[in-house]
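There are two complexes below, and they share chain A, which is joined by chain B in the first and by chain C in the second.
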Partner chain A sequence: MDSVALRRLGFRLLWIALGVAFAFLVQWVALSSGQFNSNGQRLFFLAGLYVTLAVSLNLINGITGQFSMGHAAFYQVGAYTTGVLAAKFYSDGAGLASKYPLPWLIGMMFAGGLVAALAGFIVGLPSLRLKGDYLAIVTLGFGEIIRIIVQNQKSLGGSYGMDVKPKIDFIWLSTLLAIATIAISRNLLKNVHGLAFLAVREDEVASSAMGVRVTRIKIAAFLLGSALAGAAGALLAHHETFISKDTFPMDLSFIIVTMVVLGGTGSITGSTLAAITLYLIPERMRDLKDVPVSYAALGVIMLIVTVAFVRRTMEKDFSKLRTVKLVAPWFVSIVVVAVGGAALKNVGPLSKVIDGQQLRFVIFALTLITLMLLRPQGIFAHHEFSLQWLKKVLARFTKRSGEVAS
Partner chain B sequence: MIHSFTDLLAGASLTTLPQQLASGILLGAIYALIALGYTMVYGVLKLINFAHGEVYMLGAYTALFVTWALGFTPNAPNPPEARVWMLLIMLLASMTVCAIVGILIERFAYRPLRNQPRIASLITAIGLSLLLQYGGQLVLPVSPPPSIDSKVNPFSDNVKFVLKQGDSALLTQAAGFQPKVDQAQAAFDAQLKSEKSQFDLSPRGEELKKALEDVKREQKVVTDSANASKVEITLPKGQLIMLGMVVALMAALTYLVMFTKRGRAMRAVSLDFNASSLMGINVDSIVTFTFIVGSSLAGAGAMMTATFLPGTQINTYFGVLPGTKAFVAAVLGGIGNIPGAVLGGMLMGIAEVIVIWLGYDAYKDALAFVVLIAVLIFRPGGLLGSAKVEKV
Partner chain C sequence: MSLLSLDKATIQFGGLIAVNQVSFSLDKGDIFGLIGPNGAGKTTCFNLITGIYEPTGGSVTFDGKVIAKAGKSAGPESIAKMGICRTFQNIRLYGSLSAIENVMVGGFLRHRTGLFSALFDLKRAADETVELREAGMKLLQAVGLDDVADVRSRDLPYGSQRRLEIARAMATQPKLLLLDEPAAGMNPQEKMDLMEVVRSIRDQFGMTVLLIEHDMRFVMGLCEKIFVLDHGEEIAFGLPEEVRANPKVIAAYLGEAH
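And then the complex of A and B:
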């Protein structure tokens, strides 16, 4: 081996070591901070899984451009595979799973990933003939079919659910899975195979004319994406110790799609950041028990007004103050909601309170609609978040206002 | 597990098939009404209006609120007598409210995105549908699940169509059991008066109780076989009226689309959006008009389902399953094709009822997706549509 190859290998090992170290750091933070109880640790664990789900869906939706909406089904397949295997090899605390928890769990991630990849293969087949919204609906339909079949299988616990024993709980493993998913996506885009995926997204006919094997690429995207989601499901099963139809509601698929769309389809960092934000905000909202109607109603009204205003500015106004006009309405409306909500808190019917938890999905829905109306390509579009990108964006903003001024 | 064809039919009895088919056609009529909304919007905009099921849900809620306004509030001491004009008001109110919701959705959610990739509109539609479902939870009455008072419906009595008379010998035999049962019941009741409690019987009481149970069991066996020998369809009058109204609405729609100026414009827009705008058609107003027609049909369907199908409970997810099935119906018939939507709706209704009849009711909701996937893979254009070749 020459020195270049050695150095490359060294760098690669260094990156892997850094990833593992980061995963343990997250676990250390989760376990050691006094303020985090077991619920707080669960937060860290699930955040890892959501990042995995979002980034793996981004592989199918964003990078390959095959709009899939049944991602929760693969997650579910992974979890139930683990559940069945664990039930087979668990004998009152003496089975394989209890003796060697870590190798068992890693094995389960592979098993869950494998079965989910098989499901992904079946779901991916129609993508060879369908595109756009039809594909979205078919994948949604497959997701529902898998859910209904699992619900009606006596051997899988039926509609009651099934126990998964023992409880194995490694926070670092979920973080590591997320890091691995990000690394796989990123490395894919950095080499020639990844270009083929992007080519399929941009133009199927042209890329097939250029010798890209479109069928293969689409199937590969589905296999890879669903396998990663299945591995996440395996981790979830042993963490929750009980899985049922309610663990994987239909809305879960929508949530994952929202994460990818919000971050920007095709942007790995975008999906990651969106997954963390969209997971943590609603979790924080669980603590919000009482929200007065005044805030919620004002919030919705101000959102509509702001969106209308910002859209108008985007379409028509190219004056010097454009940037200000795009940003200011948000601040104004936040202030209006905060002040107005507090002022109207005790007025008649507006004083009624809503359970904050019920607002979660309303917020998801509003986020989706607002985003599509203002920036349909997602926050980061297909760019990656980096310091260079940030500099470029800032430079563009300052340059534009400068030009108009001169 | 299914081992043979006879196993597949294990849960089914042939004599109930006509009744099931009749309910399938009624169900299909409603699916067809909703499917028309999907298909017309797809025709002009090439957009799947995912929020259509939620428009349907709002129609049902409107009908509910109208009945409350008319005095049929839950636990009302003396609700007014049911009248036909009440149903008409409900129908008009549901159609109007749904039309308004349709206009708002088109104007504020879909029109701004018309020049964006179609997937953006699709995501907005999903967002809207989630917003109406979960936002509705906050403002609409959901718990306990409200339902329209059955007293609103003046047509609740049944109509019976006898297709084949039962075996007369069996029927007389079954009728002959009634005096025996009455006799045994009377003897047991008389004995019960001298007993300490119903649950602690003397030997004589036990004997009479056993005799009563025996005679009742025999009666049930004979009655069942007598019933199995006759074939008849029983339908509430209201559902027949519902079917008639669906047919009338569809006739009106056919007239509107085929024989009016607006209808011709609608067909032109559906054929070529840009060319028709060049030909002087006000495309925006035609799109709005399409949304009005489609949504008000959904509103009519919602009002009729909630009123004429007894025990229908309304919640904010009321539109999810009918919406999905109607969408599949539209795809099955060929999306964008109006007669196709009606055919698809009927087929979906009948298929669903047959799945239940075969004893697989747990899978009745999966059926829609199976049909959808099969259609999209084997005949993407649908039954009446023609598959378009994608041009480069």
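And then the complex of A and C:
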């Protein structure tokens, strides 16, 4: 082995070690110091799964450009495959799964991934003939078919659901799966094969004229994306110990699509960050108590005003744009809402309160609308996080503030 | 020896006969012009040769193999691999990919490493990527775009985009290069440059070129043989001077005297 290959191997091992170390770090943070209860620990576990789901859907939607809206179905297929297998091999705490939890769980990830990939292959077939909206509708329909089949299948617990025993709870494994998904996507884009995937997204006619096997690439994207989602499903099943139709609600697929679009279609970094944020926003707001109407009403009004104002600023000459002008309105409106809300709290009808649990989803929706209005290309657009990118952004930032100073 | 030959190739869309029993053959190493008024069926001919459309009658033979006959075509991907590549009338670059990435996609069809090695970033996939990038840079140099290799193709000026399409097609290492209106929208200087590029491609890489073009000075200056289509039918074939003097061609372009 020559020195270049050795160096390459060294770097590879270093990255893998870093990934594993990070996964254990996440588990340590979640479990230690007692600041998180079991619900808080669950957040860490599920965040990993959501990142996996978003990044794997990004492979299909973002990189290959096949608009799929049934991603939760693959997640579900993975979970139910695990459920069925676990029921077969579990016998009151003495089965394979209880004796060797880690190998069992890893095996289940492969099994769930395999069956989900099969489902992905079937869904991928219409993508050979359909595009855009039409494909979205077909994949959406497919997701529903799976959901309804599961709901009505007695052997899968029907609408009651099914137990998955034993409970196997490795937070690090969920983080590691997310890291592996990110690594696989990134490796693909680093090599020329990834360019072929992007080419299919950009222009199918030109790609086939260049000899790119469009069919094969679309199928590969569906296989890969659904297998990863299936593996996530396997982890979920053993973590929750109970899966039912309510574990995979209809809007789950939409939320995953939203994560991909919001992060910037095609950007791995974007999908990852959007998955974490969009998952945590509604979760963290579970503690939201009753909110007086004065705050809510003023908040909505100020949001509309601020968005309109910021949009107008953005439409002006971009080279003269100053970051302050984009940030300041937000601070102003927060102050206005805080002060005005408190002042009007006792005025007539404004003194009523709204249930925080209902408001949670309104806030979630408003966040999405605001982001889409101000940055329709997604938070990261087509960019990826890298040192080069960071330098570029910093350079632009310092240049602009330098101009302001002079 | 003829590289490509069409034998009574016909394409019919419902009641419209877009290409009607067209027969011609191309010799290796020629620069060949395909001209005719708008709607004459030139681009349809290209789509037929590259496998985007299937002929409804007749056949197409390339390099001794039948690549299309009535109701059947080898398909664009196989035809590209056999050695026919093209550019498009309305530019079809991969807009959000950089110039060099566009060319690398062109070179991808002869890839040797599988998807697996790419997903795990194995050395052989990385090596192949580097190889294709280097080959691509050479092609960009040949069309004079090596200094904008990392610019997104959408952001390139029009003339550069046309040349980039040629470089991308050449990356597939074709034996026959089809150019669909390569000079459209170019200024006279860019057109002169393009003529040089096409000529040098033929000389350097021994490629056969078939091009559609409306600019007569460009066609007459560059092509060795010219084929004229009108309403899907062949009306003339021959050397530039012969075609220029052919009364049928003049009538097709200018209308007949009454």
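Things to note:
The working rule: the second predicted complex is superposed on the first by the 373 of 406 C-alpha atoms of A that agree within 3 Å, B and C clash if a C-alpha of one lies under 4 Å from a C-alpha of the other, contacts with A are read in each partner's own complex, and residues count from 1 in each chain.
Quick note on the criterion: a contact is a pair of C-beta atoms (placed from the backbone, for glycine too) under 8 Å apart; a residue touches a chain by one contact, two chains touch by 3 or more.
All values derive from a computational prediction rather than experimental measurement.
A count of residues in chain A touched by chain B and by chain C gives the higher number to B.
In the overlay built on the shared chain, the residue A:130 is in contact with chain B alone; chain C does not reach it. Contacts of A:364 after superposition: chain B is touched, whereas chain C is not reached. Once the two complexes are laid over each other on the shared chain, residue contacts for A:386 go to neither chain B nor chain C. Look at A:205: by the touch rule set out above, it reaches both chain B and chain C.
Of the two partner chains placed by the overlay, neither chain B nor chain C lies in contact with A:346. Once the two complexes are overlaid on the shared chain, A:354 sits against chain B while remaining clear of chain C.
Residue contacts after overlaying the shared chain place A:311 against chain B, while chain C stays out of touching range.
Touching of chain A by both chain B and chain C, each in its own complex, is seen for residues 205.
On chain C, the positions that touch chain A within their shared complex are 50, 52, 75-77, 80-81, 85-86, 88, 92-97, 101, 104-109, 111, 113, 115, 118-121, 123, 125-126, 128-129, 132, 168-169, 171-172.
Residues 5, 8, 12, 184, 187-188, 190-196, 198-199, 202-203, 205-214, 220, 224, 382 of chain A touch chain C in their complex. Of all the residues in chain B, the ones that touch chain A in their complex are 47-48, 108-109, 112-113, 116-124, 126-128, 130-131, 133-135, 137-138, 327, 362-363, 365-366, 368-370, 372-373, 376-377, 380, 392. Across the complex, chain B is touched by residues 67, 126, 129-130, 132-134, 136-138, 141-142, 144-145, 148-149, 151-152, 205, 251, 254, 257, 261, 296, 304, 311, 354, 358-362, 364-369, 372-373, 376 of chain A.
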